[in-house]
Amino acid sequence: MNHPENISHSQSDQLHIQTDVILQKVVDAWTELQAQQPLVHCITNSVAANYAANVLLAAGASPAMIDNPFEAESFASIAAALSINVGTPTSEQMQAMQISAQTVAAKNTPWVLDPVGYGPFLKWRSEMVDQLVLLNPTIIRGNASEISALAGNQVESKGVDSVASSHQVYLQAHALLNHCECAAISGESDFILSKELNHVIQINGGSFLQPKITATGCALGALIAAYSAVTTPTIAAISAHIHFAIAGQLAYEKASSVGSFNVAFLDEIYQMNTDRIWEYSDIQIFNL
Amino acid sequence: MNHPENISHSQSDQLHIQTDVILQKVVDAWTELQAQQPLVHCITNSVAANYAANVLLAAGASPAMIDNPFEAESFASIAAALSINVGTPTSEQMQAMQISAQTVAAKNTPWVLDPVGYGPFLKWRSEMVDQLVLLNPTIIRGNASEISALAGNQVESKGVDSVASSHQVYLQAHALLNHCECAAISGESDFILSKELNHVIQINGGSFLQPKITATGCALGALIAAYSAVTTPTIAAISAHIHFAIAGQLAYEKASSVGSFNVAFLDEIYQMNTDRIWEYSDIQIFNL
Amino acid sequence: MNHPENISHSQSDQLHIQTDVILQKVVDAWTELQAQQPLVHCITNSVAANYAANVLLAAGASPAMIDNPFEAESFASIAAALSINVGTPTSEQMQAMQISAQTVAAKNTPWVLDPVGYGPFLKWRSEMVDQLVLLNPTIIRGNASEISALAGNQVESKGVDSVASSHQVYLQAHALLNHCECAAISGESDFILSKELNHVIQINGGSFLQPKITATGCALGALIAAYSAVTTPTIAAISAHIHFAIAGQLAYEKASSVGSFNVAFLDEIYQMNTDRIWEYSDIQIFNL
């Protein structure tokens, strides 16, 4: 495990200790996810629906894709967590998102907001995201372009894909912590800004093939929601990103093209265990 | 093939004969499915759409996902069977379900109803299911929680997953035969209640990994519809469940994690043949 | 490479030269697709959404499934190409299709129309397709039944599957060139009618398993759109069909059942390169 170069030796020792503390919490969260199999209410897009459900089942959670406004309140009220993704919204899904978010916010049920495509060329969803942010999502996650834009910066994007690097923008996301406990940015490395820890956690691993599979980010958001049902927001975000990073790394050792990589990735999501978390996790901690 | 212990020897002989008769009809149904490649009109959910279509194509049928109300009547009128699944309904799909069901009911075209998530926390769809049941679906299929709830019992569920066991609830489903020819309950073992045979058929096999793959139940419902175009309702339900049970068992011999299991499962659905049906079918017959 | 028997020797020589010229343009188009990674605006069906996005990512493009009417104009205005597929239309998608098509038509952005299920039993979408055709799609692609029906012929279909052969109907599609630059018919062999070249290009290859995988045609339409962002309409259609034909052929060498074939197919879409295009392309050219 490499330590960031800009941290002094004494700080490094201190943070090294924190790293082990964090990884123990990740191990506990994974164990708890298997034990509780929390019911995760997902409102997601047509591209991700099947994939996100399979990722959640493989990881140990119990997903339910309930995206109509007529059942949103009653179902959100019994869910252990909620995941909202604005990838391909319909008018009915938009209503379901608002109702569900209000319901879980009132009950202090954890929820994740994934502002897919946030930016000037997709105004309808971006305005909905702005409204949802005011309801204080537990965790906001997205790619670098989306998170940076949502934090009020001028950024470029390419449709729903990021053109910014996660490394460049994570400090720009700081303002989002006024609205959430935790902001997570996925990219070549992932960055998690935590209000609870007052630190940034960088997570390395995964494979360059992951962005070549559609809906991996969407499934990651749903997995953060699943973990948030069994641990704190920060540990939930770290756990889900580590789960993905390890599965991506191990899958690439087995399969080097996108179709077979995708199959191996789901295999590895399912085959996670505590030993693998200790052996393969690669995280670094920075001061915010 | 094991016989249930609560059946006397003479009954057992009689039912053993029935078992061979049933398996011959299953073999004939599979053969007929390959020959006719029936057009199956599917109204299903966003999680299952791709998967159910691939399962039907692999099994030999010709699926068409037509789920808007403006084409529901004309398309249902030419389909060989209809499959309705209320997994992620929209207002337009709800209208399409009613129109399609009325159309096929009037034409005596066989149809399958899969009441995904039926219960008190998903009232909108449950009320639609209640209306559809009054149109007398040919076959109703679901997991133990859904079928038991639909039959009027107080049951628990966890979102769209069952917390009841199929073995516990199959007798509770008897009341559903007032509304359909056949009620099918999927679980660790599957149970099919038949008005035609006045018996319960238990189907063993499959893999514990199947519930870890999303939409397998939804695809099974669509496959029952496909078989119902070429045989009686009871044999259709038995054939589809045997098709799934054998494919699941053989897939698990090749692949032990969810991603690769899912690929192998589709392979085995496609590679079914009459020898495999005779060799691997594991059914038992009970008095109702 | 076989030459059609109805072409005289001198014609054959001339067309042989054209074949090499065309393949060089296909190689250039593939190379350009990797370099530009064009943003492709897709409005597609619920069965194809995930699959088409994965095919486009594997091929080198950047897909975005934006199918609501409220963002259709602004997003179509920045896309490099648009793909419209009427597989499972909703009222909102229908509006999005019209707005997007009008937007790209006004900007001369290339776009592809895939009239899934066109015919007398699916009138709602067929009327929308008729309106979209009047906006002059750059390329129209479909199976033999759809293309022949759209060209005004009486044809049979089976839901969304073709019962006509591409070889039988390609000459009937000639009238479509009044409305588009290029008409592409997929089948056992693919036929591309080009206004630019004033010829028909036949593309051989692929695997008999491709029609057993749902949404391959839909994904092919999206890939034509991706190529149309980097080359002429005719070369775009030829390139996408060759990309699919080679990937299908190579995938079948690795996997002979539908599940594993589908995985291998995506692998091969990703592993395309210029050597493979030269080695495996199998095209013939006819006079129109």
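Going by the order they are written in, the chains are A, B and C; count residues from 1 in each one.
Rule of thumb we're sticking to: contacts are C-beta pairs under 8 Å (C-beta built on N, C-alpha and C of every residue); 3 or more make two chains touch, one makes a residue touch a chain.
Predicted, not measured: the structure shown is a model, and the values here were computed from it.
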Q: To the nearest 5 degrees, please report the angle of the rotation taking subunit A's Cα atoms onto subunit B.
A: 120
Q. Is it true that over half of the residue numbers where subunit B touches subunit C are used by both copies, so same, or is it different?
A. different
**Q.** Centre distance in Å when subunit B and subunit C are each reduced to the mean of their C-alpha atoms
**A.** 35
Q: Send over the residues of subunit B in touch with two or more other chains.
A: 46, 49-50, 90, 262-263
Q: Within their complex, state which residues of subunit C touch subunit B.
A: 45-48, 50-51, 87-91, 117, 120-125, 158-161, 211-215, 257-260, 262-263
Q. For subunit A, which residues are in contact with subunit B within the complex?
A. 37, 39, 41, 46, 49-50, 53-54, 57-58, 62-68, 70-71, 74-75, 77-79, 90, 92, 262-271
